[in-house]
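Paired with subunit B in one complex and with subunit C in the other, subunit A is shared by the two complexes that follow.
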Partner chain A sequence: MNNAHGLNQDKRENGTVSTLDAEECIEISIIGNPNVGKTSLFNILTGAKQYVANWPGVTVEKKIGYFKYKDRTFKLVDLPGVYTLSAKSEDEKVAKDYVLNKSYQIVILVADALNLESSMFLLLQLLEMDANIILVINAIDEAKEKGRIIDPSPITKTLNIPVVLTSARTGEGIEELLEVIYNYSKPKSRVKTRIKYPPNVEKFIEFFQELINKYPEIATNYSGYLENDWLPVYLLEFGNEDLKLPKSFLKELEKSFDLEKLQKEYTKWKLDFISYLVSSSIINEGIDWSLRDILDHVLTHKVLGILIYIFAMFAIFSLTFNLAQPLSDLLELAFTSVGNFLSNVIPVPWLNSLVVDGIIGGLGGVLVFIPQIFILFFFLGFLEESGYLPRAAFLVDRIARNFGLSGRSFMSIILGFGCNVPAIISTKTIANKKERLALTLSLPFASCSARLPVYILLIGTFFPSNAALVLLLIYLSSIVLVLVSSKFLQKFITQSEDIPFIIELPRFRMPTFKNLAIYTWNRGKHFLQKAGSIILIATIIIWALSFFPNFGQDINNSYAAGIGKVFEPLTKHLGWDWRINTGLVFGVAAKEVVVSSYSTLFNVGEDSLSYALQNVLSPASALALIFFVLAYVPCFATLATIKSETNSWKWPIFTLVYTTAVAYVIANAVYFIGGIFL
Partner chain B sequence: MNLDTIIEYIKNNKEVSLLELKEQFNLSESEIKVLKPFLVSLGASLLSVDDINSICEKCPLNISCLKISKNNVKCCN
Partner chain C sequence: MTRKSKNFTLSIIAILSLFFLILNISLNYFYVFAFFLIFLTAVYGFSSHNEVWYHKSAHIIVSSLLGIFTLVYEILGILFSLIAAEFSKIKPNFYVIIFGIISIIIFIHELNYLKKIEQEAKRNNNNKH
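What follows is the complex of A and B.
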């Protein structure tokens, strides 16, 4: 199917390379709401032969492809995904200007069969613009699977437009669509239907068009748009901000009409008209809505939802620890055996120490946590792919509002649990500058996955019987820290404006094992890549610092000890010696390095690192260390992102000092409170 | 479905979810879908929360980043 309609000619944006004259092509534009399968349809029709550029003057992507059917060649222009054709966003403006310019002959409006209702607004706007429309209702196979039955005849008869039911996934209806496009490309085949508006709106349109005759400048500016109802209806719907009609013209209109009242009347009519079209075309809603509604209601309930979220996370952490421990023990055994073997075969002392204590010991200390990391990602992937995680995030949003954060912030917090870098970048969607800056500076408190090996090591060593509970406590504390920090920082940032916005949650779906495997591998793979790059380099550096200047004879007088001892006056009361401090210093490169550093600095081989740590730290000291790692200086990548996003060195430096100070205060609090209970 | 009341509610609350609107105004799934573009046309931004996607192309580290997303594009997440 894909290649059947594609052209072999090489085409470029400026047209100079094109072997076909533009005149020979029939231009078709493809438009629709976001995520309705527009791109899939575009790829099927053009055989994915396309070139991509930007629309003039904006950064919105413009995709063009060609296809041939029977004796005709068609040029297909993909428009941005939009809900309406106004000028409120760049995407909408590009789509609106393109449709109004009418360089095309046909517009294909792609609607999702499961969300047909949301496309009707756009359909009416296109009709008002006098476009030649083919309505394509896509994903019809998915609708059938869910028991949703759509009868397109009421739309066809009422609006006098061709409607084709397709599935870009199975190819159903594509041949029919090509045939409809081919026939519709003959101008004689099109019969226009004018929408009949309520009497008051009709009067307004008539008056508007008569009045324009007195204003030749409007006729000049909008020549070509005056033979349909678009201009008066657009003015009613979106006001004059974008149209910029003369004030005197508007005053004359206002003398005869109450525009506000008329706008309400028009909107109400449009809503009723669309509701009628939808109710007559959708014969059966489908079977999954009631279950979905119940699930949504329960999972997002302000009390029950939070309890379910806490339980879900606790269950995941429990499963992670219980399932991964035997595998982790096996890995530990393997690294110990390799270390013992190499220790006996490498005769050069410094090389023996580098390989066995440095690389095998340090890297092995991190790699033994591979099972925990992969299993945790697998279960988190299940929550995300099923559509649960966005709902859990929505719960956080409700709480976040009390801390001066908007809904746009909750996705950033959830993203931060994966990695702080994309989380900080995602704050771009927050329009309120005060909120954005406060969140950017607080997101390093979101406990990223790089910190997991540290938690697993310390929790496994000091709290094995309550491992899941402690990990849950860390994650919940992380959310609280981000929220409290945002609230605190907002006190020092001046206020800016805010705009209303609406959150749309995804459909529930059962994740496939394949998707979960890909998700787990893509996330876990990064951990392995890091082990082979930054963690390995840091491990070798730490080994060198601990080996020199006295060639491994006295680690307490090594360079590494020198670094850690600088901070001992600040950490001695917490039970942290220079080895704990040096590990934390090198953890700034990447948090996993904290673990590999300890393996090297304690110089005990990975099988007894836990015992070595138990000799140095008390449970309260270990808990304080866990919370310090949760909050202290983010990694270099995060600091670089803060610099890039705020366009100033001031904020990464502030973050460095601020997070360390907060971490130190928390570690002290945890140590003293923990000392009472542990 | 009273559009004016719904719009007033959104303006007062600044941020609402479609689910909240559904529960607050006793709307069906179909009515919510009809309503969506009206709300967008009246100036409310619509934030679709689907996959927890990262924004790699805007990331300052994307040149050196080795992470690959499930769509086989470079990804920091």
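What follows is the complex of A and C.
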């Protein structure tokens, strides 16, 4: 255990910890490549519980936390993963803007002990920016397991920066890191390093700095870049695309230097320098193989890889159905018993109906699916935490490209299986604006967990012997729908730039039960929170609409029936009566409400609901209903996220109309095709 | 372990998985898919892949892991039925259990072989130094 004390950010901002002034609080930023353990270190140091996963691109916005060590308080800023400071996507821009702003005193650069080379580019860029760097080489335990010994002294001596070896997994090196942070926070302890470049590059830098004096606007506009020699070397490394230096200035440079040749010389020097640093710091004792390489050899195979992914999803759905059913039956028994008990206890008829038919019947009808939802999240968490999901993204990259998307988009689709809101936020990692907008508008087709109770109810009722297979079909259709919709929408979006998909496959890790439990709870509690809020409110409203105006005497003439009957001309041919329609209307608030409204409108428990549904729907109409629920109107939270991500009301309104139209077309197609086979 | 013995192990996995696939056709589609995938993974292992020295080992390891995974799936199903006291629903699939046990033996055997190679390489490295 380390002696750092995490401070709750909210408490601080609310003024509870108000005695610390800005001078006392030392700002530190954590930066590094994606998936090297930055957020894990952030959590250890601050005591926070930010979401950590075994795939790149989890952190898309900067996160702030505080911790105290000895007599000092530190503000820690966790930045999204970047490879270089030449930003392309939104999350990379967040990191770059923060670094350029320079409000921090120290930068902790987190590097992966098993992939030190890829962090060195960022390290050199930060040095060129004159940042005060602490290099943290993380996952040192995994490096040792692989027979790789890291000797930090060559880096320390060459670059004059402190290097700490840590393992965020075991806690190794954290005490030392805290001590280094504490000592390094005293300005006297820092030694400035100036990188010595090849002579031609040095001449270029000197000329560049002199030329700037003739262009005062450059000094004003590029102040963030002007520390040390960063501006000239940035121009050499990334060109003028980002910088947009004046053309006259560039012409003067080109008169004296062959920039293309100089760029090659600079790149070669950088690669050689990094290679020297890394090779002198690593001692390899093992042979070049690991279980990861072995698994990846087969799991990333273009045919077997995709089949294994489908198998994994099939297994998860089978487990969701088979393992959860007995537990679900127990819950159903409990709700029925409570309902029967309260039915005999409450004497007032309308109150009896509200509590028993409305709340217990409606809410209980949804809550019986708790085991399914938690089990699904548990196994999806296993795939995510073990590092398998990025491999699936890598595999589908080629397929996704045919639809104008990249494998990175696939990660968002998978996230969307949990909830569409974080999935849409995760599109920040997509640099191509056209791809991002098309995906944002298509992600509501990713089948989120809120739809699961509807699927389970209908699949369990109409296709019990092939339940997992039908669920697999729905999820695969959901992926296809997102892909096809993105392709379709991209035809109408004009911005375009092709950016290759680069994903670093994370190491396979056996997820711990604790991590999986946290993952499952964090996802699953959202369902419970909804059950206690929006689902409960919607259930009561539906009960009221079905009870009035004739006090439960004739539900066919209730307000609820009136709402459903409005849509009957559009749905009658699909075999959906007013009750099905009313459920769908209220499902706009939250998809789980579809199930709770059916429980209330059919006025039966879950078991009898299955029988009631069998009397109303044919298997083909049920399948059409499943696909309609898969595609129609996203929930309010998703629409609000689309608004905030696109900064326009135009897109959520478009999504509302577009998804409903697509859902209706699909439901009709499924009904007519299903009618032939079922 | 020679190339021949690797091919022998792959053949065992391929033949057994095909056999159990046929036996499961009337029982469970999920297991049919699982055994088909194991069969396919083993068959791909026969192809020559000279750039990767552990090609055959990789296919043996992954196909045996799939076998172990199917066994875990079966055991979980039995355990959850026990938890819910639904004893009548417990019908163990012995084909899956037998194949799972064979898979565990093959997996351990192959992993030991790879570890042995690693130890030998370490010894050779030390001798060079």
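Here are some notes:
As a working rule, the second predicted complex is superposed on the first by the 388 of 678 C-alpha atoms of A that agree within 3 Å, B and C clash if a C-alpha of one lies under 4 Å from a C-alpha of the other, contacts with A are read in each partner's own complex, and residues count from 1 in each chain.
Quick note on the criterion: contacts are C-beta pairs under 8 Å (C-beta built on N, C-alpha and C of every residue); 3 or more make two chains touch, one makes a residue touch a chain.
What you see is a predicted model; the values in this text were computed from it and never measured.
When the two structures are aligned on the shared chain, A:327 is found in touch with subunit C, with no touch to subunit B.
Within the superposed three-chain model, A:156 lies out of touch with both subunit B and subunit C [touch as defined at top]. When the two complexes are overlaid, the chain among subunit B and subunit C that reaches more residues of subunit A is B.
By the touch criterion defined above, A:297 reaches both subunit B and subunit C.
Using the contact criterion defined above for the overlaid structures, shared-chain residue A:86 touches subunit B, although it does not reach subunit C.
Looking at the shared chain after the overlay, A:117 reaches subunit B, while subunit C stays out of its contact range. With both structures placed on the common chain, the touch criterion links A:40 to neither subunit B nor subunit C. In the superposed pair of complexes, A:308 makes contact with subunit C only, with no contact to subunit B. In the superposition on chain A, the residues of subunit A contacting both subunit B and subunit C are 285, 289, 293, 297. Those residues of subunit C that touch subunit A in the complex are listed here as 29-30, 33-34, 37, 40-41, 44, 52, 54-55, 57-59, 61-62, 65-66, 69, 73, 76-77, 80-81, 83-84, 86, 89, 114, 117-118, 121-122, 125. Remark: subunit A residues 33-35, 83-84, 86, 88, 115-118, 120-122, 237-238, 264, 267-268, 270-271, 274-275, 278-279, 282, 285, 289, 292-293, 296-297, 300, 384, 389-390, 393-394, 397, 401, 406-408, 411, 414-415, 418-419, 421-422, 425-426, 428-429, 431, 498-506, 515, 518-519, 522-523, 525-526, 529, 533, 637, 640-641, 644 touch subunit B in the complex.
Those residues of subunit A that touch subunit C in the complex are listed here as 147, 285-287, 289, 291, 293-295, 297-299, 301, 303-304, 307-308, 311, 314-315, 318-319, 322-323, 326-327, 329-330, 466, 468-469.
Across the interface of their complex, subunit A is touched by residues 1, 3-4, 10-11, 13-19, 21, 23, 29-31, 33-41, 43-52, 54-56, 58-61, 66-70, 75-77 of subunit B.
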